Amino acid sequence: APATTTQAPPQGEATQPAAAQPSGAGDEEIQPGVLRRECLILEDPTGTATPADDFNRWRPGTRTYSTGLQQLALDALWYIDPDAGVNGVWDNAVAAEKPIYNEDFTTMTVKLRQGLYWSDGVEFTAEDLYYTVDVQMKNDGWSYTGQFRGNIESMEMPDKYTVVFHLKAPNSRFHSFFTVRWGACFMMPKHVFEKQEDPLAYKFNPPVSLGAYTLKDFDPNGNWFLWQRRDDWQRTSLGLLGEPKVKYAMYIAPGPSDKRVIAQMEHKLDVIHDITPEGRITLAQKSPSSIGWFKSFPWAHPDPTLPAVIYNNEKPGLDKREVRWALTLAIDIVRVAMASYKGAATISAIHVPPTGMYPKYYFEPLEDWLKNFTIKVGGQDYKPFDPDACNRIAEEARKTLGDLVPTDPAEIRKSLGAGWWKYDLKAAEQLMLDAGMKRGSDGKWKLPDGSDWKVPMMSMNQSNPTMNRCASMVAECWSEFGVDTMLDARDNPWDIMSLGEYSANLAWTIETWGGHPDLFFFLSSWHSKFYQPSGTRASGSNSMRWKNPELDRIIESIQKLDFDDPKGIELGQEFIKLAAQEMPITPLMAYNVFTVCDTTYFTGYPTAEDPYTDPVPNWANTKYMFIKIKPKA
Amino acid sequence: MAILSVRDLRAYYRTEAYGISRTVHAVDGVSFDLHPDEIYGVAGESSCGKSTLIKVISGNVKPPLKAYSGSVEYDNGLQKVDMLTISPEEMRRNIRWKEISYVMQGSMSVLNPVRKIIKTFEDIVESHRGIQDKKVFREQVEAHINRLGLPTDVLNAYPHQLSGGMRQRVAIALATMFQPRLIIADEPTTALDVVVQRGVLQMLKEIQAESKNTVLLVTHDMAVHANVADRVMIMYAGRIVEEAPTKTIFKSPLHPYTKHLISSLPMIGVRTTKTSLRGSPPNLANPPSGCRFHPRCPLAMEVCRTEIPEMVDVESRHRVACHLVKGGAL
Amino acid sequence: MSVDGNLFDVQNVSVVFQIGGLLGGVKLVAVNDVSFTLSREKAEIFTIAGESGSGKTTLSRLLLGDLHPTSGKVFFEGRDLSEFRSRAELKSFIKKVQPVFQNPFETFNPLRRVEAYLFDTAINFGVANNVKEAAMVVDHALQQVGLSLAEVSKRYPHELSGGQIQRISIARALIPRPRVILADEPVSMVDASLRMEIVNLFRTLRDEEKVSVIYITHDLATAYYISDRIAIMLRGNIVEAGPVEEVLERPMHPYSQLLKESVPEPEPEEKDAWVKHISLGVTEVNEYNQVGCKFAGRCPHVMDVCRQADPPNISVGPRTVKCYLYTEQAREAAGHPEMEEARK
Amino acid sequence: MTILRIIRDLLKYDSRFRLAFIFLSTILIMMLLSLVSPYNPNKTFVVAMDTPPSLEHPFGTSSRGQDIFWWMTFAVRNSFLLGMVTAALSRVIAIIVGLIAGYEGGWLDKVLMAINDSFVVMPLLPILILLGFLLRGKMNFFTLGLILGVFGWPWDARLIRSQVLSLKERAFTRTAVYSGTHPFWITIHEHLPFVLPIVFATTINNMLWSIGMEVTLSVLGLSDVSTPTIGTALFWANQHGALVAGVWWWIAAPTLIAIILFLGLYLLFSSINEYIDPRTRLRLIGG
Amino acid sequence: MRKFLLHYLLPRIAQYLTVIFIGITVTFIIPRLSPTDPVEAQVSMILSSGSAVDPEAIEHMRQALTEMYGLSGSPLEQYIAFWGRLLRGDLGPSLSTFPTPVTRLIGQALPWTLGLMLTAVILSWIIGNVLGALASYYPKSKLIYAIDLMSQAVRPIPYYVVALVLLVVFAYLIPIFPFSGAYPVGTRPSLTPSFVLIYLKHSALPALTLILVGFGGWFIGMKSLTSNIISEDYVVYAETTGIKERKILTQYVMRNAMLPQITGLGLSLGTVFSGALIMEVVFQYPGMGMLTLQAIFRNDYSLIMGIAIYSIIGVATSVFLMDLIYPLFDPRVRYQ
């Protein structure tokens, strides 16, 4: 980039940023004094955040959490990175050490770092942690009221930097309430909240920051939020890892996918959270400065979540393992990958996402097992695994994308995943017959008693094109197989999912740390003691209503282990084998997010080569990006 | 010297739609002269072409109406114009309202319902002369309508607020704003009751007497002609059948149709049975051959069926078109 | 007065319309305290005349049961019209009282064939039971007005002349064999030569079919020509009523006099009376709302009392006059003014 | 018979009708072609993806590997059907309510107009969405048509009513009354013919509105997106970022078809309207 | 005056209130028929973190939320309480952004929508009417015929396509207009002249979308009205009097043809309250449409109801007001 001598920007009036003409040098102002090349612009996928002035992250319903608030201003005890992490997967953020449990996991001691300060100059201490837990536990309506009440017997604060939690029952995963990947409780500034008459209603505006940035300005209509690096960034947990080189960061609601693409082509949006695969391809072809996780196809960052066909295991027909397996074998994963991601999908045959560190923990060790894994089809042993699926996807994708698609098998495995289950309609047919299902005269499958069998396929909607496209293709495959199905796309399937008022649903219920092998994160609520029948709301993530004594055993065993105990991986593998046998849900692929970053003004974004964190800009982990990203000039 | 002379005028409505074409011979070979300072009455039953004739001579020929032959010449002594060929803009600028103005039937609907009366005056005056000073203009209008015996209140009223007679008199006031040489009035009093009719016609007559201009008055009410017109022309099925000074028409009508028209008029105090004409009015899309009156004429002869009777002068100002009076013989 | 003995018995009816603007509307008494009767025994032609807007149409709507009086009552064959509620009752009433409207071209739907109305009437009133019978009934009715079904069938209104339609309209009214035909200005829209055709027809109906006709018009010449009795209306009031010769040859009410004098005579010589200057009202509403005699503003004989209260109805021979000039005292003071008027 | 004659006359003498005829024939042929489509519209990846219009694929192919032309044959059929269902239902309601309220007057008029006005003020989109929840799974485009039909009449009913109010005052209505005709037949025989031009004129607006509503719901993904319609065409195009991906023909095709359909209807109705308009008709037959 | 009150205004107000009452009642009922329960939705949102929570604690949370959302008691009690709150101008808290009052959210979105939509509706009304009148006054003009076809060709194009195409063409290919919603990112709305300029520039494309799609309807309406008016006697008369054509067109033809369009305008102005959803989504315009979308996607019943109530009152009021001022335009109508 050419070195530019900056001229003193005109001050005073609200100048309009050169909307029409991107100068390339980034000298235009976004706000008086805020130069474009000093300000990283990121997409907030939550869209317009209303009300914009409510930053009380601890109250359910606040909409401003990913406007930079959780990424840049809040901080938590620990972070687990979905990828490799800047300094390993585990980061003690405001905590000084890892959680310290007693023998039987009934107390957890937290040691805090010293020398961290809130942006208003007050020191961060155990008082804040104590208050954060205490206020939510003692009062109704807070986000963690239920969790804290359910787990905590009492707390004590032996010194200014230590808090001890006494738990009601043994719980080796209690720290996950304070660990960021998702759903961690961030620290509240006691000195601010305790002054409020009604802390729950308090808007926390302006937010007092524990992170490296503070809020500079925001749009009352919730379309943009501008953050500014703290002068005392050294006194934050992020600062301990390095200097944040981005002076300003702005999170915006940039509108529909097509608009985001155009915005990046015009260099008005540095980090796109997600776009359609076609939009990504367009950028690959037309915007040389845009980069993604992978250098080339399939570009996307695979999220540590696992989109799957979730069956309601209680519906007639679907309550049979054979039927669920038949439906699995009736899915042509190549077409599904093509339809949903234009081939840019990272597929997974087993019940964990093929992302982050998981290939190493689970996929590689289980490969041989998978190849020899059998199920009974018509009384015979049948090997359902197809190690070649990824290659066929690559081949198919090459038809439209040509050289962009890698040819090296290792590269393919890395980006597109290992194999998947066979597409074998014959075996599927036999499995259906094994389960007592009958084909009607119209060629459609009927229940054993001859009554109609409908399996509508619920999915997310325009807000999530790839999932919707994926569901549509699965439904098409099933139709061909004679299943009476239809696409039921809706914008808010979550509620129905939780109620269990569906048959099949394309969504995710398996979500992992990404960087850490522990599966308890999602498995905890699959224990039969939390089971809720269809019609009542599932507690936790067991929306498929799966109950299995073996599963209970695995969960209980994990819970008795320390978080980092290597035995946990073994138990995890046991879970995977059980799930493959039972197929309560059919795993499909990683949730690939087409996060695209523009290198016109900034460089240093995380990529597959330097996977120091997940680039998806709404996650709190992305705070680590800010010490790696630097202005280009 | 004639102020307006019409020669052998033929004006037809030709409509063509979806393959059906129809020609209505509404005015078919009409010739007459209008003289300065007279009230010229045109009579004849409904649909005989009276309004069509007026449309043509006042320059309002719009499709489907078209003048096919003949001429209409307006001559005010200074300039001569052919009303059939003059350009619309020239017509608008030089003739309309300044030379020839128009009083239409159905006063209810000729005034813009959403505009106060004064505004209509304003529109007209502005379009022809321009208005420099609103106050002067208003004074002029007030003076004008006062001269006609109308209260100034009417200027601020909307048309619907006025009675029928008042509206019709406003229409006359509008028509006489620029003291035109020729005023054409098409059925100005039809649908008004007799008292109002009397008031309106009186006003028209007074204006004429004062300004010595020409009034062309169309109505099928013979009694009105008897009281107002100087000369009367009788039309039947698109043609003139007879023309004479009013007295002559009433005292010694020659054409059988005219005769019938006059004898059938009822009068208070007379109760003798009056007969009506047999047959029904002619269809102008397909008029009868020869004399158009022959199917209904009690005196029809063979020749009437085939030959169109020519217009003959009976006396100096009495013309008639009937085979019975050929050659001036009665 | 025996209510039963009469076909129509109109007793002190008034109709008040609410009209007027944003800031306070006005009441308009379109018909004011009108009474008259129509005999059951003898068919007659009864003319209601008067200037535009004098309430003639409103009165006819009252008689047709189309409008109910604000006060007063209308009896038909002894029964109060406002008591007819059911469709059947109303139907049997309109079977006996049939209208003929003013504008022949508006009487029938331009998009329907005219004979449809004739057949409908025949069948709806049970005069005929099927289309075949109806055809005979219809043809008979058309014959009565000098037409025939053959001439009329399959024709739309525009294919017929005004005179023909008006005759068909009368034929339709005749089908249910009514006792009364109510004709509201049946000739005002037709030209002079057709006028006689229609009024002659009324005369025939009265004489030959014994049908009474209420003939509403402002054409006094035809009224004189055919009718037996006449009522002159002015702004909602009947100002003078009586046998037609008496009223029209020697009008007593100043308004009747003006009306008669305004009829243009088809005589080019006698113009003097007609040419005499008259004044007209600016708006109708003003005159309607005038207290006392509505004609006071224009009356050459106006007295103070005229502007104070409604004049009474005074019987003078066979007629009634609503005018202060004919009160007992006035007549004495002036020495029989009606004789004087009559001499004129 | 007469219908054929009218069509022949209009074709011969009205250029607008000719154009309408061409447009609508195109649409009709497309709809009929759906019956012989070589592709099942519910099957994807049956042809090459993203190929621009060509002889083989007149409208090109989509990113879902479908032939857009053949897919649109189904879409136009369904959208048209939706429009028709809505228009037919709402016309029937509008005509009935308009005629009755106008003719009967009195309290019936007041009640009907209160209902009418309440429908006018009701915000449709939120209600549709809430109903969508209620009719989960049953909300196909036919039910949608019915629901839209139930909401699409009030404005037109008002128009019809005001027309009837003036027709009621015309003498021929009273002639019919005094001919002993039942009010029902009066409205049908005497008033309906005059009201038909309004009905036609509003039909096109109504279809436009209902198809547009479907498009809105589709674009937001709130309708049954697996049925091909003009709206779902846009939905899927949008799901594949067709505009920025340069697959413009995927958006152009439904747009073009919508334009042809509605221009055709517009020209057709204005031509027919002139033909059946009482005034024109009177002028033509010489009133 | 009293008569006007008694005979016109009071019944008209009664009708106005009835309509609002029915409308609001219906919008109260419909969401309550829905199987999704906002409390449950909220609970599952809280629980979606994936951790297991003790059922007792969930029950507690459920009760607390029911209380706060005003969903306790029988439907009738809820209905009465609902009116009680409504009459105090309280539309309750938004569920998805609890406890922000619905009125606040609407209050924030409404000015944006009003600003844009009022301008667009009025402009398309004017343009449609003027062109429509010209079209039937000069039926032979080729230009007018082209506009006629054009207006009808644009009408059926889905809003969404019009908006996107305009955006791509005028903000990307030929970048003469800015790209984003009402104002650029980084700018704070204020009432300064410079902001107003920015706003106008940014609103040009959204407004153009609305106008392009909107004027066709007015156009044909006006065209058919005008074609009736030009054969009216007063127009023919005006022509014979030699009044200038422009005056005839404006004061005689359009002035009279406009009358029915005024009522239509009233209705359209009313619908402004619900915003232009698609346009707002495409342009990221912070108005009522976006708010509606947000409410829909988040199952925020109280917000949906709030928007519906505003819309109902908006439409009813503007139609009511139009009825009241109509006589100013038509002197013949005197509140009969």
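When the chains are written out, they are named A, B, C, D and E in that same order, and each has its own residue count from 1.
Simple rule for what comes next: a residue touches a chain if its C-beta (ideal position, glycine included) is under 8 Å from a C-beta of that chain, and two chains touch if they have at least 3 such contacts.
Please read these numbers as outputs of a predicted model, since none were measured by experiment.
Trainee: Using the contact definition given at the top, which chains are in touch with both subunit B and subunit D?
Mentor: The shared contacts of subunit B and subunit D, listed by label, come to C, E.
Trainee: Just grab the chain with the largest centre-to-centre distance to subunit C, centres being mean Cα coordinates.
Mentor: Between subunit C and every other chain, the largest centroid distance is to A.
Trainee: Quick check: more C-beta contact pairs at A-E or at C-D?
Mentor: A-E
Trainee: Roughly how many whole angstrom separate the Cα centroids of subunit C and subunit D?
Mentor: Roughly 51 Å separates the two chain centres.
Trainee: Please tell me the distance, in whole Å, between the geometric centres of subunit A and subunit C computed from their C-alpha atoms.
Mentor: 90
Trainee: What whole-number Å value describes the gap between the mean CA coordinates of subunit B and subunit C?
Mentor: Computed value for the inter-centroid distance: 31 Å.
Trainee: How big is the gap, in whole Å, between where the Cα atoms of subunit B centre and where those of subunit E centre?
Mentor: 55
Trainee: Could you list the positions in subunit D whose residues touch two or more of the other chains?
Mentor: Touching at least two other chains: 136, 219-220, 222, 238, 243, 285-286.
Trainee: Provide the list of subunit C residues touching at least two other chains, using ranges where the numbers run on.
Mentor: Within subunit C, no residue contacts more than one other chain.
Trainee: Identify all positions of subunit A at which a residue touches two or more other chains, and write them in rising order.
Mentor: Residue numbers touching two or more other chains: 256, 258, 262, 463, 491.
Trainee: Could you please specify the touching residues of subunit D with respect to subunit C in the complex?
Mentor: For subunit D paired with subunit C, touching residues are 170-172, 174-182, 189-190, 193-194, 278, 281-282, 285-287.
Trainee: Subunit D touches which residues of subunit E in the complex?
Mentor: So the residues of subunit E touching subunit D come out as 15, 18-20, 22-23, 26-27, 30-31, 33-36, 149, 152-153, 155-161, 164, 168, 217, 220, 224, 267, 270, 273-274, 277-278, 281, 292-293, 295-296, 304, 307-308, 311-312, 315-316, 319.
Trainee: Looking at the complex, which residues from subunit C come into contact with subunit D?
Mentor: 64, 66, 91, 94-95, 98-99, 101-103, 105-112, 116-117, 120-121, 124-125, 156-158, 169, 172-173, 176
Trainee: What residues on subunit A touch subunit E, complex-wise?
Mentor: 13-14, 16-17, 19-21, 30-31, 34, 41, 47-48, 50-51, 54, 59-63, 140-141, 143, 145-147, 149-150, 176-177, 182-183, 201, 217, 219-224, 226, 250, 252-256, 258-259, 262-263, 265-266, 268, 463, 491-492, 494-496, 498-499, 501, 511, 521-522, 524-525, 527, 530, 537, 539-541
Trainee: Sort out for me which residues of subunit A touch subunit D in the complex.
Mentor: Going through subunit A, the ones touching subunit D are 256-258, 261-262, 275-279, 281-282, 335, 338-339, 342, 400, 456, 461-463, 465, 468-469, 472-473, 475-476, 479, 486-491.
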